[in-house]
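Below, chain A partners chain B and then partners chain C, in two separate complexes.
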Partner chain A sequence: MNGGGGHGGALRSFLKKVAQFVVVLMTTLFGLVAVTFFIGRVVPIDPVLAIVGDRASPQVYERVRQELGLDLPLVQQFWIYLKKAATGDFGNSVLTTNPVMTDIANTFPATLELATLGTLIGVIIGVPLGVLAAVKRGSLIDQFVRVLGLAGYSIPIFWLGLMGLLLFYAKLGWVAGPGRIDVTYSYLYTPVTNIVLLDTAMQGQWDAFWDAVSHIILPACLLGYFSLAYISRMTRSFMLNELAQEYVIAARVKGLSEMRVIWRHALRNAAVPLITVIALSYANLLEGSVLTETVFAWPGLGQYITNSLQNADMNAVLGGTLVIGAAFVLLNLVSDLLYRLLDPRTR
Partner chain B sequence: MAGAPLAEQPAGLRAWLLSAEPHSRWQARLGRFYLGWRAFSRNPLAVVGLGIVILLIVVAVFADFIAPYSPVAGGDLRTQRLLPPSATYWFGTDDQARDIFSRVVYGSRITLFVVVLVALIATPIGLLVGTISGYLGGWVDTVLMRVTDIFLAFPRLILALAFVAALGPGIENAIIAIAITSWPPYARIARAETLMIRNSDFIAAVKLQGASTPRIILGHVVPLCLSSLIVRVTLDMAGIILTAAGLGFLGLGAQPPMPEWGAMVATGRNYLIDQWWVAAMPGLAIFVVSLGFNLLGDGLRDVLDPKAAK
Partner chain C sequence: MTKPLLDVEDLRVRFHLRTGTVEAVRGVSFQLGRERLGIVGESGSGKSQTGRAILGLTPPPGEVTAKRLAFDGIDLLTASKRTLRTLRGGRISMVMQDPKYSLNPVMTIGEQIIEAYQAHARASWSEARDKALSMLEAVKMRDPSRVFALYPHEVSGGMGQRAMIAMMLVTDPDLLIADEPTSALDVTVSMEVLRILDELVTERGMGLIFISHDLKLVSSFCDRVLVMYAGRVVEELEAKNLREAKHPYTQGLMRCLPTLADDVRPLPTLNRDPAWAL
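Coming up: the complex of A and B.
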């Protein structure tokens, strides 16, 4: 409509996109807060009773109730909750007694480390596999990718993790067991970023680094497999789409080598929708980490949420849920925005 | 020859089914169904998937006859605990000296119960939200779709976790939580279908006849959205099973001593290294059943929704 508006028009339409982006982000985040607030209200646990105990006098009970703001109208309570959530204040965890946000800041890097490595594995193996499957359609490798994908959608992640531990840790002894690093190494470095691989490598503690690697490799490969199953399947379908286009024929007619046609011409065009897929799979790994971290005793956000759940620590559960939800929303929107920026057809 | 009339009969039946001029609506429907089945059965993996799902239903219905032992009461705790798989105990025994095979067999009932109930709760919600939103348009559409987007924004397992945490652990609450997290994609699909149907001539004709809005939505729009929704729900079944098993594994789904597969894997975790079968067998059951639903869903999609097939 306003495509021919020159520089001013392009800038205006981009700013409009960004404004839309912010509005969507804000309403969705508002919705996330509303949902967690609602969940917090229907909990059968009485938060006052959890603090004062069941032998407290009615006066004490009433005072704590007022201190928590539970006597206010629901709308006002929601407003207070919203204001606090906007500043990252989710109250204190009953279990650790720290502010929930501090706990989240401490555990999130571990989750991020695992999910990032998993996505890297998924991309490095998944994209070439998907390309090969599309190029050699119907061949053995195509069937292999199909089976890999189907299995990835059907295997319970926690079960595969346990079987992996059984085989590679208990029977073969190739990798280290649960946890992030052995206790003997855990004092050899000072946590700066809280990402163990980075911290140990930057401080030159190579023994500790390799110990951390042998701890992370199994859960990362596990998450990587689920990411790979999804990425390879999507790469295949995008590539099939591109390989049927006329510019591919034109490139072949020009006499370009098949390698160049596939990897430089077709894959480059398939890369645009792939970015969305990779962002989505990254977001999914944040979710998959809840079960994986439980299996591998990985001290990340997922394990923090499940631990809090089992101890009815609602502040921590809702804070953690909100943070993962927000990360999820942000990743989705960023991938959407990148897609618009990279693909001229969507402008 | 004696075989000739027998061979003739299916041909006659097939001709009747494939007749270009069906004499009744019933015949036309059966003919459509037959064509669909022919396309479906050409895909061997889809047939395997259907076989697994049928097997799950049969096992769940006849669990009393199939399971050799009780799923809840164990044997002698001194001699029959944690026995490896053998001819007497096909999948071995667990820490309470219970036969794991019998527990897996009875667990199929819980799995089926969860899947069916989630589908029965989530599909109508999604269908209603989607068709109302699509048909009415305007601010109703904006509000309903915003709400849908918010629910879509949460990762499914995390939202289900938070709901179960609020409602308290248990199989019923797990089902409610999974249903709450399952309806948004259905609403999206139903809305997209409705947008296409809304402006067609037959809707205009029905409107001119004086049909009310609820009547148009329920009687004319909803039936047309069903087929693509059924495909999506079937494809989702594996995800529902995996989420339910994940909740069970975290101790938030079915409570002991119910033989829920996810919870059984969680028990097996304590005996993983020396008694691997306690965790392996129920996990294998989850895997096979999810695979069955995935294969079936893929096959159904190819038949009912050729556009979406890649």
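Coming up: the complex of A and C.
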């Protein structure tokens, strides 16, 4: 018991946690900026050339170079970048000419939407499948889950995406094709959060909403399948571990139903390590399912960063990396909080 | 003697493994009224598996057979799952070895006792809570309402085991199986837990199966003792007549006990005769 401090103690420890979190966030982000910045400057690609083209005169080339501040010492460049970044200015993208922040505000929600839906599918189907496989170990369903998991690990995602499009879009016509929403619907709502499902639903544009659903469902299921493969396998092994524990026998001795023993006793304990697994898999999807985004022409962050990288657009790469880093730290925090909530031993 | 509470005849527990079949319990028979029966034996002698088989909790891939396995006239081998579940926890209960592992770490002690009670009695939460608190008091918890809200990792081993006893006796069962209930506790705490167990069993007139590897403890605590070796009962005798044990295994065990009176050095060790296991 450590609740002896009363309200004041609780508040103080909460503030301490917040301060700790801010420090961790800042350190992580600083490290990310530093590494990405210096790698970006050291790689043998010329951002000036990317802007002026290879037929520009040396005078123009030199002017642009100075405008970008590339003639200054590296450390000074870094310092300038940091100062600007602190005010939320990550520079402009060479490729789109927009401020990087605007681009990210447009692309990140698309990725977030897809990754969230994919993870939801992965959890809602993967966890029960894993539990069943563990409970009926060695049975048909256990074999099924194993094959499902193995396939999830070994089938290339872009191939499965293409096959999905071929079958469900081109042949059967059950779902809409690439993109987030049909052009016809795209003017029916005003983007607020840039999460199409949320925007359309909040504005009551249900036709547009269902069109967006029909667009997202295939890529989301695809990502969902891959996260399901991982989550169900881990759930299975965590559950096997819990089901062998003495407290499970004790619960049976008490005359509880098997349902209650499995879902309330064993799963509640297995949920603790499972949180880490789910958070990791979510972070993985957030980081960019570049291939999926490419196959489905999904204007997400993964695609944005990849494009920028290929075009020496270092500002965009840096900004995108930072957003992903921040998402990672935030997810870590959330899983930490859930951990505390679920496991009294960590409080 | 009236109709026995528990009637076991030729109980066998087999595990079919890839490497062959292992028979953990090989033809155990005994009858039990509202009395205290001790089962002693070394690790792997099948004493715990006997207890689990009575509860129908033999872990897979185990298989239980018996000529007769009846509790209060109910055949446990042919009873439906539903009947077994009402018996389990309701009329037959078990206290297990280590409260560190046998209590669910993510549920409070109170929740776990209430759950046991509500599995068998139609009771509202507040009724169940009162019952749980009075049970915690019955196992001599100093501050029941505080212990009620604690998680298992927040209490000591002795408190944990008393909470376990409270949880397993909250439904007023007729038979309690205590499977090495004090092995994980240190000596002083273990005496206290035994005293509480003793009091509750006497008070409620329950039948008790006390499984242990401690011959001395069992003989002082029980009316009757079964000595098991390699899955069989090699000897059954009144606890007070332990000195008159006939089987060489029991005799050997008795000889290995050090006494305060005379200093035997070296202490004899048990020489196992392979014929005992046949």
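The working rule: the second predicted complex is superposed on the first by the 282 of 347 C-alpha atoms of A that agree within 3 Å, B and C clash if a C-alpha of one lies under 4 Å from a C-alpha of the other, contacts with A are read in each partner's own complex, and residues count from 1 in each chain.
Heads up, the rule we're going with is that a residue touches a chain if its C-beta (ideal position, glycine included) is under 8 Å from a C-beta of that chain, and two chains touch if they have at least 3 such contacts.
On a predicted model such as this, the values are computed, not experimentally measured, just so you know.
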Check: With the two structures laid over each other on chain A, which partner does A:E246 touch: chain B (first), chain C (second), both, or neither?
Finding: second
Note to self: I'd like to know which partner A:R268 touches here: chain B for first, chain C for second, both or neither.
What the structure shows: second
Next item on the list: May I ask you to decide whether A:M26 touches chain B, chain C, both, or neither, giving the answer as first, second, both or neither?
Entry: neither
Margin query: Once chain A of both complexes is superposed, is A:G255 in touch with chain B (first), chain C (second), both, or neither?
Written below: second
Check: Between chain B (first) and chain C (second), which does A:T294 come into contact with in this model arrangement: first, second, both, or neither?
Finding: first
Next item on the list: Applying the touch criterion given at the start, work out whether A:I324 contacts chain B, chain C, both or neither, answering first, second, both or neither.
Entry: first
Note to self: For A:L342, using the defined touch cut-off, is the partner it touches chain B, chain C, both, or neither? Pick first, second, both or neither.
What the structure shows: second
Next item on the list: Could you say whether A:Q310 touches chain B, chain C, both of them, or neither, answering first, second, both or neither?
Entry: first
Checklist line | Contact residues common to both interfaces of chain A (with chain B and with chain C) | finding: none
Note to self: Applying the document's contact rule, which stretches of chain B touch chain A when the two form their complex?
What the structure shows: 146-147, 149-151, 153-159, 161-163, 165-168, 238-239, 242, 245-246, 249-252, 262, 265, 268-269, 272-273, 276, 279-280, 283, 286-287, 290-291, 294-295, 298, 310
Check: Mind pulling up the chain A residues that touch chain B in the complex?
Finding: 27-28, 31-32, 34-36, 39-40, 42-44, 150-151, 153-159, 162-163, 165-166, 170, 237, 240, 283-284, 286-287, 290-291, 294-295, 305-306, 309-310, 312, 314, 317-318, 321, 324-325, 328-329, 332
Note to self: Show me the residue ranges of chain C that touch chain A in the complex, using the header's touch definition.
What the structure shows: 52, 55, 57, 85-90, 93-94, 96-98, 101-107, 115-116, 119-120, 150-151, 153-154, 164, 167-168
Next item on the list: Within their complex, state which residues of chain A touch chain C.
Entry: 1, 245-247, 249-257, 265, 268-269, 272, 342-345
